[in-house]
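Chain lettering (A, B, C and D) follows the sequence in which the chains are written, and residue indices restart at 1 in each chain.
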Amino acid sequence: MKSPILAFLQDLHARYAPLTEGKVADYIPELSKANPNWFGICIATRDGQLYEVGDTRQRFTIQSISKALSYGLALEDRGEDHVLSRIGVEPSGEAFNAISLKPGSGMPFNPMINAGAIATCGQVLPKDGETRIQRFAAYLSRCAGETLDVDEEVYRSESETGHRNRAIGWMLRNFGIVDEDPHDILETYFQQCSLKVTCADLAVMAATLANQGVNPTTGERAIAQEYVDNVLGVMATCGMYDWSGEWIYRVGLPAKSGVGGGIMAVLPGQLGIGVFSPPLDAQGNSVRGIKVCMDLARDLALHLFNPSAAPQPALRLGYNASQVVSRRRLPPVASQAVRRYGERIRVLELQGPLVFSTFEPVVRTLVRQAAYCQQVVLNFKHVVSADPVSLRLLSQIRAQLATNGVTLFCC
Amino acid sequence: MKSPILAFLQDLHARYAPLTEGKVADYIPELSKANPNWFGICIATRDGQLYEVGDTRQRFTIQSISKALSYGLALEDRGEDHVLSRIGVEPSGEAFNAISLKPGSGMPFNPMINAGAIATCGQVLPKDGETRIQRFAAYLSRCAGETLDVDEEVYRSESETGHRNRAIGWMLRNFGIVDEDPHDILETYFQQCSLKVTCADLAVMAATLANQGVNPTTGERAIAQEYVDNVLGVMATCGMYDWSGEWIYRVGLPAKSGVGGGIMAVLPGQLGIGVFSPPLDAQGNSVRGIKVCMDLARDLALHLFNPSAAPQPALRLGYNASQVVSRRRLPPVASQAVRRYGERIRVLELQGPLVFSTFEPVVRTLVRQAAYCQQVVLNFKHVVSADPVSLRLLSQIRAQLATNGVTLFCC
Amino acid sequence: MKSPILAFLQDLHARYAPLTEGKVADYIPELSKANPNWFGICIATRDGQLYEVGDTRQRFTIQSISKALSYGLALEDRGEDHVLSRIGVEPSGEAFNAISLKPGSGMPFNPMINAGAIATCGQVLPKDGETRIQRFAAYLSRCAGETLDVDEEVYRSESETGHRNRAIGWMLRNFGIVDEDPHDILETYFQQCSLKVTCADLAVMAATLANQGVNPTTGERAIAQEYVDNVLGVMATCGMYDWSGEWIYRVGLPAKSGVGGGIMAVLPGQLGIGVFSPPLDAQGNSVRGIKVCMDLARDLALHLFNPSAAPQPALRLGYNASQVVSRRRLPPVASQAVRRYGERIRVLELQGPLVFSTFEPVVRTLVRQAAYCQQVVLNFKHVVSADPVSLRLLSQIRAQLATNGVTLFCC
Amino acid sequence: MKSPILAFLQDLHARYAPLTEGKVADYIPELSKANPNWFGICIATRDGQLYEVGDTRQRFTIQSISKALSYGLALEDRGEDHVLSRIGVEPSGEAFNAISLKPGSGMPFNPMINAGAIATCGQVLPKDGETRIQRFAAYLSRCAGETLDVDEEVYRSESETGHRNRAIGWMLRNFGIVDEDPHDILETYFQQCSLKVTCADLAVMAATLANQGVNPTTGERAIAQEYVDNVLGVMATCGMYDWSGEWIYRVGLPAKSGVGGGIMAVLPGQLGIGVFSPPLDAQGNSVRGIKVCMDLARDLALHLFNPSAAPQPALRLGYNASQVVSRRRLPPVASQAVRRYGERIRVLELQGPLVFSTFEPVVRTLVRQAAYCQQVVLNFKHVVSADPVSLRLLSQIRAQLATNGVTLFCC
């Protein structure tokens, strides 16, 4: 039996496959050899499931998509303070290859423009006997769950024609953003951009970001957890060059595109998307890629602000399926969420993920009930997770209840 | 008994009350009369609970915070296409009072800079016998759940000294972004900025945005649901001027600040925050406001990308409280989520909110089980909500199962 | 008998009359009514002679050419220090209608861009019962030797569509470059630009500037002598907008053009040129006007740096016509320039204009001869003028010779 | 006996020697070793006379002053069209080290900013077995009349720290402004800037430019005559960076400064000035140098537009010394300039340099007299030079007179 999800993706693919808009990147001869008909769509879930339609195993060079992940590695190597002292996180309002250095400091506006990406590359450290590019390739391979190699032809082409990037490199050197002759950094940067990936790889990398840095297909940690939000943050505001604001407005997913035709988009905590189609629009984004992402976001309600995906209050009321189907909104937190057993015992049934906003009504209810009871039972059976904040609040309220002569039980 | 949440906010207030950094806005005499010690913090929940500490009922002028809500009203009046044809949604990388019009079209970069806000103001229609400012005041009052008035002194001051804004108005007129003599638009704009609010009002307005446009204290719809994400989108990328990227990176909440000292921040689907303290930093953001929001985001894990707040897979496994407390991550979707009753009956217990990413494993499981059973029961008892996408998938899979001779029951 | 100069100008006119390039200004309807075939060329000499070819008596609006002269009047009214504190004299490298205010101070880069011209207009004082525009019209009329009136149709058109200029006006108000509501200044500015002139008027105005501010046809002083060089200075570096550098490089004459199709060019100390032809190039300069000026400069050697026009050493040697014709360079200053009469008497025959560089060899010779003579006679018969510097040097050297026992006679 | 000119320069030196403003350039260690008290002033006349006061024989590096002369050499090597297709001649309104490339073409705005100077350096050809730097050093040596060498310490320093210039070099390579790897061009550029000169050398180079490219001390042609005006043109509009407009306005001399503390200024056709004093102002111009040039221009009336230096009408009237002294302005061209000998013979006595504006009254008079005479005699005895334009007019009028039966004699 065919999954309706796969069917949806096949429809989507069929919808845009006939498109003839856009132009394959041709600033280097190697890129212009791409077939304009190549077109793949992938969704990777947080538990490692991969939906694939079209040319999802065709290799192409990752190009600027590498910038997002390289930023994560630089953060791991140097720490946030160091990296933020060299590279900003502000959208620049300018094209990707604009020099865009802040007046005075010479700091690149953000790591997603070339200047920022070259500076980022210069923060990555060679380590454990590996060169920078070996380390980065291994890191990216962990994100993709595949061994990724440099396309030597593309790399050579990039290096031979990368005059503007060399200019940027020297400008960074001038402002002390990089500490060494930029030559080696640039070669690493050209290699980094020339790593070959597939559309499926992009989706898995995106899912790795969605999954707090753990690759969901291999189960291996690829990105240090503490820097995942940083990477998503710059993707959210700067990932699509001077179309980033429009992208968040219309699509609502942190994303990064590359002139090879790839787009990687992340719905944090939920899933990853990869799209591949070489013809580009004027901003250098894949024409089909943009359309596919806009349709996915709209038709599957994958927007960052989707209210239905917001965590619901943890104080559980009775439901049945027909209610859910007929009225889709959450119910008010009502007193019937508290069951009484005799005069002095209260039972609260909790559910869903516990975070500040879901646990706050529990705290509030406990504060209110404190005067009227001796024992409170919190039933965690339907709780799926609890973050440190909710656990801290739990421990605080338990202590306070104790001072007020009320015992709190969790079960 | 005192809520540990209130205690936390009181600590936070005490932490930053002694600060002496920053400077009260003085570009108009009226603003400079603000007391630099005024300091209030509010959190408003989606069910109408309000936590307040400090000067939360002190009135001050809303200033630029009005820009975010005015944008919502303009969208309601003119529709997205019209508004997007006049005002962009790209961060400009420039200061708030930069003229920042796109070369050629003269479109303001976004509605959060003065040029964009004046243009937005010009899109709002006088209607039902109300002037523009009356309509906007009524709209904003619905968002706050309070009747808001113009501070006439501040308005007069703004109007007398608003030379730069008049220049912007004429430039917009020049490019046909506004269609009329800008004089009246500017007067409305000066009045709009001079509306008096309290810190509590800001929190409720933020909660209204968090609650899909319905004011959680009054239960009244204040903002058309379809435009809430648009407002949040521009707040996310452009709300804090040329510090917007940094803000998303560090705080991670769509927000808007004003030179009156207010900041309004939204955790979509969850809660709203209001902070008020007049001394400003160099970017024109409230010094204490920024620090409070950074601490709130960190200490209460209120970041947009907080993985714990992400919806969990809907296929339920057994839990107990100790598990939750000791390991905070969600478990893999395992086959034991499907219970068998005899050879041909399967029961799947669902939970949490149903959206694409949580319902996809259910679909997948159903597709796999189709060949091995005759009846499937989906237990919705612990489901808290279902979005249209999940319901569409449910109906598709039910139809497909039927063609394969499998009956799907929901209970 | 026809003058070969007139014949040259007729040839020049015939050369470019067939041109069809360029586009009549149409940003206001009135301007677009101009006949694209109108074409006039005038040269006005320092002694009031006027060479005219073509449509030299057709009236058109002066437009931006007024900026150069308005600057002169502002200098007279407020003095150089005041005016320089409000309006810069640096080329901006930007188009004429760019806002181009210096960051920080808000000073317009120069008086030749719109912002600078509006600011300049705001410095002109109403005086003697005249409004600003009456004063300026009278001033300009003195420069042209004709009574100039406002074209009311064009003025109305300018005023109705001058949104960008109003924006500029408010920006200037914002920075305190003008001290009043810009409305009246702008109306004056629109009137100033709408004054009607002819090609002949432009040539006479240019000749007035060439003639140190005295109108050569009327003999009346039109521009205070001390500010003529200031006007010429800004025309030299900023007169042709973002083509000013190219203009000085290729044409080498301080000049100013207007969108009405006029160009006024000055060869300081020598003559004035007026050209009129409505079709404009992309920079807003008259297409035929540019070509005519380039040919005039080349074919008549009218470049500012023309070495043949440089003053020759004042110490005269013997010449004859054939020498002049065969070798066109000046001879070295030779000792035979000093004639001896007996042992102790020296006679130096002087010639040409006396300025520092021409008189310096005389001083040098006198210093050298001092030890060898008792009397020196300077023969001024062939001297045509002497500037204050040469007269000061003369008096100094006379005094010094006296202390050394040498008497200096002038005859 | 001491020359009053030398006395004037000594006073000027004494006036500014005590100044303590400004800061010696320290961006490379070698430059910071300069003695802030070094101070020299030189004037070189067109006939090779050199006035010197102070440290006029102290060597220092030429730095940016080389840009003006390098531009002349590039023009000789490649022709005007080629050079103008690579490097503009527009002031940029920006600082010297701004990248300032025109959008689209990537052309540097002008040859006086670093980008333009590096591009210019790349147009100079190695020739006759010499490297670029050898050719340029020889060229510059001809301009100075001295053998100039590279300061190897400064060169090494420049090369080691010239990161920004390398960035500019690669940007020029990117836009095809230079055709080769910029490395060699930059080394030549660093050497060019490190050539050692004296204040006296600067004055002689300036006099060489004033003297149409012939070094007045050696009599050798140093700069091709046809390009001298091009060099002076860019010096006039772009020579003093973003102070160029102010400079022309206040000083009125084409000039070029360098961070070594030198300024070279030219009064075309008349003389050259060199000033040297290491402490610089914020724009990178020598503090004392600016003041000295302003005083020289004012006190010696050396402004480009000085009306007294303008050529006087060639039709001579009778004068005597007292007239000259009392009324300094030229007389009107009067009919008494034509002497009659009998009915049919006219004698016109000519004087001064013959250029268009001085010869035009002669032409006009001849045209008027044609009907009334049979023979005209032009007496050239007091003519000092005649440019090709006046000779062409002479030949035309002679031919026309002949057709009208009038014979023209020159004597």
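Observations on the structure shown:
Methods note: a residue touches a chain if its C-beta (ideal position, glycine included) is under 8 Å from a C-beta of that chain, and two chains touch if they have at least 3 such contacts.
Fair warning: this is a prediction, and the values are worked out from it, not measured in the lab.
Note on connectivity: the fewest steps through touching chains from chain A to chain C is 2. The distance from the centre of chain A to the centre of chain B, with each centre set as the mean of the Cα atoms, comes to 20 Å.
Between chain B and chain C, the centres computed from C-alpha atoms are 62 Å apart. Inter-chain spacing, taken between the CA centroids of chain B and chain D, is 64 Å. Contact with two or more other chains is made by no residue of chain B.
If you draw each protein chain as a dot and join the dots that touch, you get one closed loop, with every dot joined to exactly two others. Every pair of chains meeting the touch criterion is listed here: A-B, A-D, B-C, C-D.
By the touch criterion given at the top, residues 99, 163-164, 166-171, 173-174 of chain A touch chain D in their complex. By the touch criterion stated above, chain D contacts chain C in their complex at residues 1-5, 7, 45-47, 49, 88-94, 109-110, 212, 228-230, 232-234, 236-238, 242-246, 248-249, 252, 267-271, 299-313, 316, 319-322, 324-325, 328-330, 332-333, 351-358, 360-361, 363-364, 367, 370-371, 378-389, 391, 393, 396-397, 400-401, 404, 410-411.
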